[in-house]
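Working notes, structure below.
Chains here go by letter, A, B, C and D, matching the order in which they are written, and residues are numbered from 1 within each.
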């Protein structure tokens, strides 16, 4: 992904906008890629516990070079640190936490998200097999599913679509979508544009969005962290 | 139970006879009452791991007075000691061990055992409710179920019966029955008498046993420990 | 995490918001791990029409400690879900029995392993599972079974809780817990199954991070309130005695 | 217990009796907890028509370490059960992919949490359970679902293993194990699901009882063979490096 090619806000800004949703005391699972960048965002003194599929509860930032514990990684395989109060459990207990509804929010990347809240992120068209990892468990069971993606593909096609044509990860679960163009809510009948990125117009966004785009009465600029 | 009232071997001797069945490396669960006494038996250098429903794996004898750890009990609530190599798990994991077939033998008391290997030990006739505890899990899932009971009730009625008239704990699971009269195997068609206690005759035993009693071709005296 | 302590000042405060009709589980197997102080506070609190979940209904031990039998006698209980509604020895009569036999209180008798697994399932998002336990018994009568690989199994459902009352040896401010020996028993499992878990703790609450992450038995995300047990006689049940150094 | 040590002298000896057609699981999530030394020994051993269970098929990391992809290239594998048959980034091509796409090797793609739970179920005597994961997806097509309390769930079956290959930080002679940080991952769960669990261990094997019973992560009853990992370069993957003291 080239930052110059894409309009709107940059990747860290998309992550920042999603991180602003996190409320004090939440347990949050961040997917590989842009979602990981949510942990860089300054959201004041809100107390967030980050959970990783491999059973790490309460991890912090990436370990400084030379200080890595090689046996301590997050879901993306990065050597992370632990915050005070962290705990480690095994994989079945870790997914018990996920499946049991103990995760307040999961943030994931996706290929497509539909206006009914379906999304696809594990298998490309024509591919045999795929990479599911923990995505289906998180998608089906977290209290809130936030999706981060670039608004259009490299070919300029919409990723926010009326219905996913790729195999879905879960149906009807997405509550919020953040892209470089803005912040959206799948409503069932369309995508509700709640915030708009600087330099974009509603008409540009509508032209790049599949399905129906509606605009929130209180449409505002895309909120930034700090 | 009065020792003078009953014929045949005493309670410790019944427990001893069952303990002689334990093989090197076995994981064994002992029920409350006479079964607990199996851990007193000298079975040489055979390495037995005793498991208790509350998640204690590898407990030893009862703690000497004044040296009890009040937070360490076996299934009967006795303050026990731990052997080197012991481990503690929680209740769901402890019954995962039971249900998962990791227990080589469970030894339990019972009100009745049938010639098809059913047994009853949780509810008396006419009682509302009962005391199941871990008995149904152990009975259904241990690799071997050994039952210890006195051969007849206080009224002199057989406890080895053609079919249980009390509510059963599990069906078709009992592989060995030890009583003060001898050692028996439920075969489906009857009880096979394998060993006979001193002072008893086959005819006396037959008269005190429900269902069919058959006698092993190699019938021997009831084996003793040590 | 760990910025705010989960410690509350008293047992009264810890149970103050419990509404009538709640489903509450109590850890404990024999004496170890039983939240006697929280049970006493619940008796003082007076919440009614409760559904209680525990291994036993209590009342067999002497001297008598706060237990389900006492809550029943106090008129607070509608139903009990447990592995014993009677003692194993028919000669022991539990205080609970007379209320159960008269129909004043309802009971659901569940094999101990099935009880533990139903709680674990509730915490782990498994709505139902199959088990070989109780197949062919009175408990399976009229219920759904299924043959899998030639063996018959009983369908059992998750048992979610509103509250879990548990007891631990050690806690940090983030709610991470450690249990001592067989104090552990049902406590970690009930903690995962409850919307709100309240732990009474033998030792002084430590700062967050004082327990190594590899040594945590119950993760703090499952624990919502902590109360330190004061020394006897104010606090019930010896907090530490005669432990064998290994 | 604890009278006889479970330690064996070499990785070769630890895997010597593994027959063709076995189902073998490998612990590990990214690098931590992966039994690289046992995998290498299995490649030398040469057992064929294996069914392998793991989170991924491996091959993404550089330098390349012994993994499922290598066992596949070695002609030892009939089927793989895992949560990734392709990388998350479509541009990463796994060595496994070409064998899978050509049909030489079969694969069963399972969501990671369902995989962990199927293993846990096998160890805990639960033949089948319901889960919300994968409902409404391609993975649920043609399979049995059930509505419980108004929500749809998918029926999943236990996944029992012949062997589990795992890696731990510390062990005693009785087989009790401790893991360091995220080294734990699938390892304790796979250990419960296997008829024979073989653990490679970072540190020298301790006498039975050297690990406090409250500090055991995997109980020795689930562990059958222990092999100590020798120092690099003979032993694969640093046994201890740069660990932050807390």
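To be clear about the criterion, a contact is a pair of C-beta atoms (placed from the backbone, for glycine too) under 8 Å apart; a residue touches a chain by one contact, two chains touch by 3 or more.
These figures come from a predicted structure and were not determined experimentally.
Distance between Cα centroids is largest for the pairing of subunit A with B.
When the interfaces A-D and B-D are ranked by C-beta pairs in contact, the top one is A-D. Averaged Cα coordinates give subunit B a centre that lies 29 Å from the centre of subunit C. Look at where the CA atoms of subunit B average out and do the same for subunit D: the two points lie 37 Å apart.
A straight line joining the Cα centres of subunit C and subunit D is 33 Å long.
The set of subunit D residues that touch two or more partner chains comprises 117, 120, 124-126, 131-132, 179-181, 184, 209, 213-214, 217, 246.
For subunit B, residues that reach two or more other chains under the stated contact definition are 56, 82, 88-89, 92, 95-96, 98-99, 141.
Working note: touching chain pairs come out as A-C, A-D, B-C, B-D, C-D.
Residues 32, 52-56, 63, 66-73, 77, 81-82, 88-92, 94-96, 98-99, 118, 123-124, 127-137, 140-141, 167-172 of subunit B touch subunit C in their complex.
Here subunit D touches subunit B in the complex through residues 1-4, 120, 122-126, 172-176, 192, 207-209, 213-214, 216, 219-222, going by the rule given at the top. On subunit D, the positions that touch subunit C within their shared complex are 117, 121, 124-132, 146, 148-149, 151, 153, 157, 178-181, 184, 209, 212-215, 217, 246.
Touching subunit B in their complex are the following residues of subunit C: 29-33, 55, 83-88, 90, 97, 100-101, 107, 109-114, 116-117, 119-120, 131-139, 169, 179-189, 217, 238, 241-244, 246. Residues 27, 45, 47-49, 51, 56-58, 82-89, 92-93, 95-102, 141 of subunit B touch subunit D in their complex.
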